[in-house]
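Handing you a structure now.
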Amino acid sequence: MKLHLTMDGAPGQIEILSPGPACCFRLNGEQREAAVETPEPGVYSVLLNGRVYDARIEELADGARGVAVVIDGFRFVVEVRDPRRMAAAAAQTGRQGAATVAAPMPGKVVRVLVALGDQVEAGQGIAVVEAMKMQNEMKAAHAGRVASLRVKEGDTVSAGQTLATIE
Amino acid sequence: MKLHLTMDGAPGQIEILSPGPACCFRLNGEQREAAVETPEPGVYSVLLNGRVYDARIEELADGARGVAVVIDGFRFVVEVRDPRRMAAAAAQTGRQGAATVAAPMPGKVVRVLVALGDQVEAGQGIAVVEAMKMQNEMKAAHAGRVASLRVKEGDTVSAGQTLATIE
Amino acid sequence: MSAPLFSKVLVANRGEIAVRVMRTLREMGIATVAVYSDADRNSLHVRMADEAERIGPPPSADSYLRMDRILDAARKHGAAAIHPGYGFLSENAEFAAACEDAGVVFIGPSSQSIRAMGSKTAARQVAIAAGTPVVPGTEGPVDAAQARAFGRQAGYPILLKAVAGGGGKGMRRVDREADLESALRDASSEALRAFRNGDMYAEKLIERPRHIEIQVLGDRHGHLIHLGERECSIQRRHQKVIEECPSPLVDLHTEMRHAMGEAAVRAAAAAGYYNAGTVEFLADAQRNFYFLEMNTRLQVEHPVTELVTGLDLVRLQVEIAAGRPLRLKQEDVRWRGWAMECRIYAEDPYNNFLPYPGKITRLTRPLGPGVRIDGAIYPGWTVPVDYDPLLAKLAVWAGHRDDAADRMIRALREYDVGGIRTNIGFFRQILEDAEFRAARLHTGFIEEFFERRTPPQTSPDMAVAAALAAALHARSRFRAPETTRADSTSNWLRAGRSGLLR
Amino acid sequence: MSAPLFSKVLVANRGEIAVRVMRTLREMGIATVAVYSDADRNSLHVRMADEAERIGPPPSADSYLRMDRILDAARKHGAAAIHPGYGFLSENAEFAAACEDAGVVFIGPSSQSIRAMGSKTAARQVAIAAGTPVVPGTEGPVDAAQARAFGRQAGYPILLKAVAGGGGKGMRRVDREADLESALRDASSEALRAFRNGDMYAEKLIERPRHIEIQVLGDRHGHLIHLGERECSIQRRHQKVIEECPSPLVDLHTEMRHAMGEAAVRAAAAAGYYNAGTVEFLADAQRNFYFLEMNTRLQVEHPVTELVTGLDLVRLQVEIAAGRPLRLKQEDVRWRGWAMECRIYAEDPYNNFLPYPGKITRLTRPLGPGVRIDGAIYPGWTVPVDYDPLLAKLAVWAGHRDDAADRMIRALREYDVGGIRTNIGFFRQILEDAEFRAARLHTGFIEEFFERRTPPQTSPDMAVAAALAAALHARSRFRAPETTRADSTSNWLRAGRSGLLR
């Protein structure tokens, strides 16, 4: 099965010829071998070229595609797609025209500073999110109209969740 | 639902009137209350009478019935039965006439010292099980005939597994 | 195995400090009572305690700051004393007094001492009276002429500060007299807008100051000593994140330890202080030091002092609170080796250190020689959004500073927390930084570090391993694989991409 | 941050000691190479290493004892040195020589020293020659007349031992001369049957001996010192399970430390010893001590010495192996406070300490002040049946012995390992035992403890909580609950049942 990869934004391709423990794979055309075990759920111990990599898979928060792979503290964001499924997935993707204002951290919405339909300037505050005693004002990246407002005061939001869209 | 309990060999009865977090239950006829949470799978944090009990459930090895509950290092072996199911369960239980010789620890069978049908003395060695460089000879508890021999040299056995039965 | 000093103690706190205090109480044979808000029913300090009492809903004002409920819980459970930890009610003189009134021992200083050292200005007066050096300043509000006089006397640069100020508003650095008048005018009008009060005072500006603090300890019989210093210059958002004992500066100039220790003890004695407390100083490049404030409670970073002196500060606090005389004399205090502490926060250091609470999905902690962890987290626990994002304190000890730093890096590499963001990978970069290793520390260190930082490089094979792991993981989730046609590839694997060290 | 002493070191071991060695290597900036058998591919020492090489199937003889494969792995990975840990090839003179021949540094003593101290009898001769006291004995085989002469000279009780013996077979204690002849006859015929050799020798019997050992350390330039003693009297099946530093006996009579230390250094010097080694002694109630044997490698229980002296023995081993002179002088060695170690085994202490390997389903480790863990386990890992059942070493440090014991109890209470049996709960009972607290230690302590032990009691409410948790757990597994009729109940909850402390 050939899979399409995106790692930290750059594309690639991997084909698993044999899944392991004696793993054989073709990465961007080059065939390689590795000894792979899963000592814990979501953890891959990869022996590649005599070196050991303890790779921990972390599901990303809602909205984000792919997974994070953590090795020795380094974090790689990798998206793996089965090309046979891409058409279907593409169909599900919504329009991406509007700029979104997203929560950078999980927390509570303590103030909403705009109303639906408001004209806003670049840098204007949209909402204030608080977590652990720290308040953070979410700002519009550029000028436009508040096309949607998805939260209200008191709502709990997760990291990356869209608060509003600006068109 | 009323449940039958056996704790470290002694019988009892418990009825869960309300499961929690504000738990109400009747134990051996006495109604009591406790605040119960499950902070981790298989772990119950019980607040009873102002005191905190962090109870960890451990499934017992094959063959044994019930679970072990570990609180502050203390280990209680508790069997819980739904009386409605007891008839069915009883029907599944096999005959218990013969004396069994069981492995006291997980390990490998390094030697079998008897053959099926052999007449054995009390204290006579039946098989030798090895784990972690220690060999342990399993002995017949009393004299009799080897009615069944369930392992052969090289087998891996788990704790409590029957090696042979003596009639 | 003798009778415990108290039969039962209530810990009026949560998180790592509640757990840390309970550990010593348990070692002393003292039963522990936890209090908790609804957000903390599943928190480790509750699960570990012998007894527990709910004190309200999540907001601190409705739970951990509710003196009445905490005292009710102490009475209900029969606790003979209360340990306040740090934060919350720990420096609240009213609470200390309420405990005294209720016949419950407050494990800390007297309410009078807390009051005397409670406000920065009051504490400054106590320090001046005790002959402890303070940052030169005008005390009261100044006009332009007075500011000019102060500038000439103290020397530039100076700092103009709003009397009613805080948070950097109405603050101006002035480097020469020519700039003074306009700076004063601007700052004053900013202060007027922000605080409705345009009064300004002037202070000598300490450039690239180091934050060095002295641990003091005294019994209720007038015996007061110091346990040496800690350096806490590595800060983000004016909050310490790495602390060391000893201070690299003091270690080179040990006469400073004696001088600062003496000054701290004098200031504490002037406030009639007993139990554990910390006197904070700023130190400049010329090794002058200036009283900043006194923290009248156990400090977050107390473990580095414990590791180097071999003392258990919580045990000493309890003994002192029970009226025991402190047998330790100043000359008995010995400092051995080097300790460092990193405060592990649920935050994203690459996004302005914003808090990042959430559910902890993976947790592997460092073990082995010279590693100490004080934490209150476990896998599956959700870090509540209601409180401080401190997850744990990772402290190491070794014979020398370089060995301690190498040990800290080793420990950070073993530390894996999944599901949330932490500053673990960020600390590793700080610890590897040449400026840090050369001990050129000051409170603006992290801001400067961000300017010179070059992201660490990974090996190409590490990226290959990551890609393979992700593909195998995805494969285990896809069903019914089939072969399909390939398209273009790229060279991201050859580049040694810089993975983010999280 | 200077260049490491070796660029890469192979660790020819597994389990906790491989992990412990790798931690220090990593701190020293040295890359690590693990070797593993098929049973250990998922073991922590492999997952933690920088590089790894398979060396064979599970049996030690086919993997960890295969010198050829380990040296091949060292060559393949470019390792400049090999650390042997303890056990396996660590005391194999042939392996040390093979490393030397292959141009790979063996991190340990010379093959000559290992040979000189390798057999008990050879080591005894070295010790005698060096003037180190040994247990009085006849050396060679004796007849009845010679045995009688020895008994009169050494005083009763004496011990008759088979020259070819081992495992207690052909061994007899003799309390008075009248019993000597028949005992010798019986023992000799037992030895003849067991070993086809009826030769017997006689030894003074040391009653209720304490096991006290001296850590020695020497460089390759003839500088040899000792790091004080450890007491390892708490043993089961002749294997140490609790170790302390200092020894409570030596702590009361510090002149013993000097005398034993001198004797150990003399014996080591006589064997031309360098690197770390341990000289074991038996001590009697009159504080006489007798050379037992020398272990020519790092000891399992080395952490207690590290905690009290503040030294990193593995770091020192590596420095010495690299040819560095040992800068530490005897008078620089300082002992501070008290350390204890418990060896956590996968075993059932209530079933003759039988090994109990299996899958680890839960794992919570103690944290906080004064706790050190050296382990190699993780949740979900299956303890292999092929090797020693040591899971981890739990060590604590505190200022005094009582505080260290209380800290150990606290740590043991926090330690939870599920899925297998361990000796954690058993240790807690030992640590609470009045004889242990009074430090009346001897190598037969555990046997006597089992005779006087009263199982600890639990509170009735703890049993209620256990019943409730079990019922809630079962309920979550049953489907479609329905009410049914109840039958008889019992009073097990009122009794304060004695749960087993596991």
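By letter and in written order, the chains are A, B, C and D; residue numbering begins at 1 in each of them.
Keep this in mind: a contact is a pair of C-beta atoms (placed from the backbone, for glycine too) under 8 Å apart; a residue touches a chain by one contact, two chains touch by 3 or more.
Since this is a predicted model, take the numbers as computed values, not measurements.
In the absence of chain C, chains linked through touching still make up one piece. Looking at B-D and A-D, the interface holding more C-beta pairs in contact is that of B-D.
Between chain C and chain D the centroid-to-centroid distance comes to 39 Å (mean Cα coordinates, whole Å).
Measuring from the averaged C-alpha position of chain A to that of chain D gives a distance of 49 Å.
Averaged C-alpha coordinates put the centre of chain B at 32 Å from the centre of chain D. The multi-chain contact residues of chain A, meaning those touching 2 or more other chains, are 51. Under the contact definition stated at the top, the residues of chain C that touch 2 or more other chains are 48, 378, 413.
Chain C makes touch with chain D in their complex at residues 1, 19-20, 23-24, 26-29, 48, 303, 306, 310-312, 315, 334, 336-337, 364-365, 367-375, 378, 398-399, 402-403, 406-407, 409-410, 413-414, 434, 437. Contact residues on chain A toward chain C in their complex (touch as defined above): 1-5, 7-8, 10-16, 19-20, 23, 25, 27-29, 32, 34, 36, 42, 44, 46, 48-49, 51, 53, 55-59, 61, 66-67, 69-76, 78, 80, 82-85, 104-108, 131-134, 136, 156, 158-159.
Against chain A, in their complex, chain D makes its touches with residues 34, 41-42, 46-53, 76-77, 378-381.
Chain contact summary for the complex, chain D toward chain B: residues 346, 348, 351, 354-358, 361-362, 385-389, 412-413, 416, 418-419, 424-425, 428, 456, 458, 461-475, 478, 481-493, 497, 499-502. Within the complex, the chain B residues that touch chain C are 21, 35, 37, 39-41, 45, 47, 50-52, 54.
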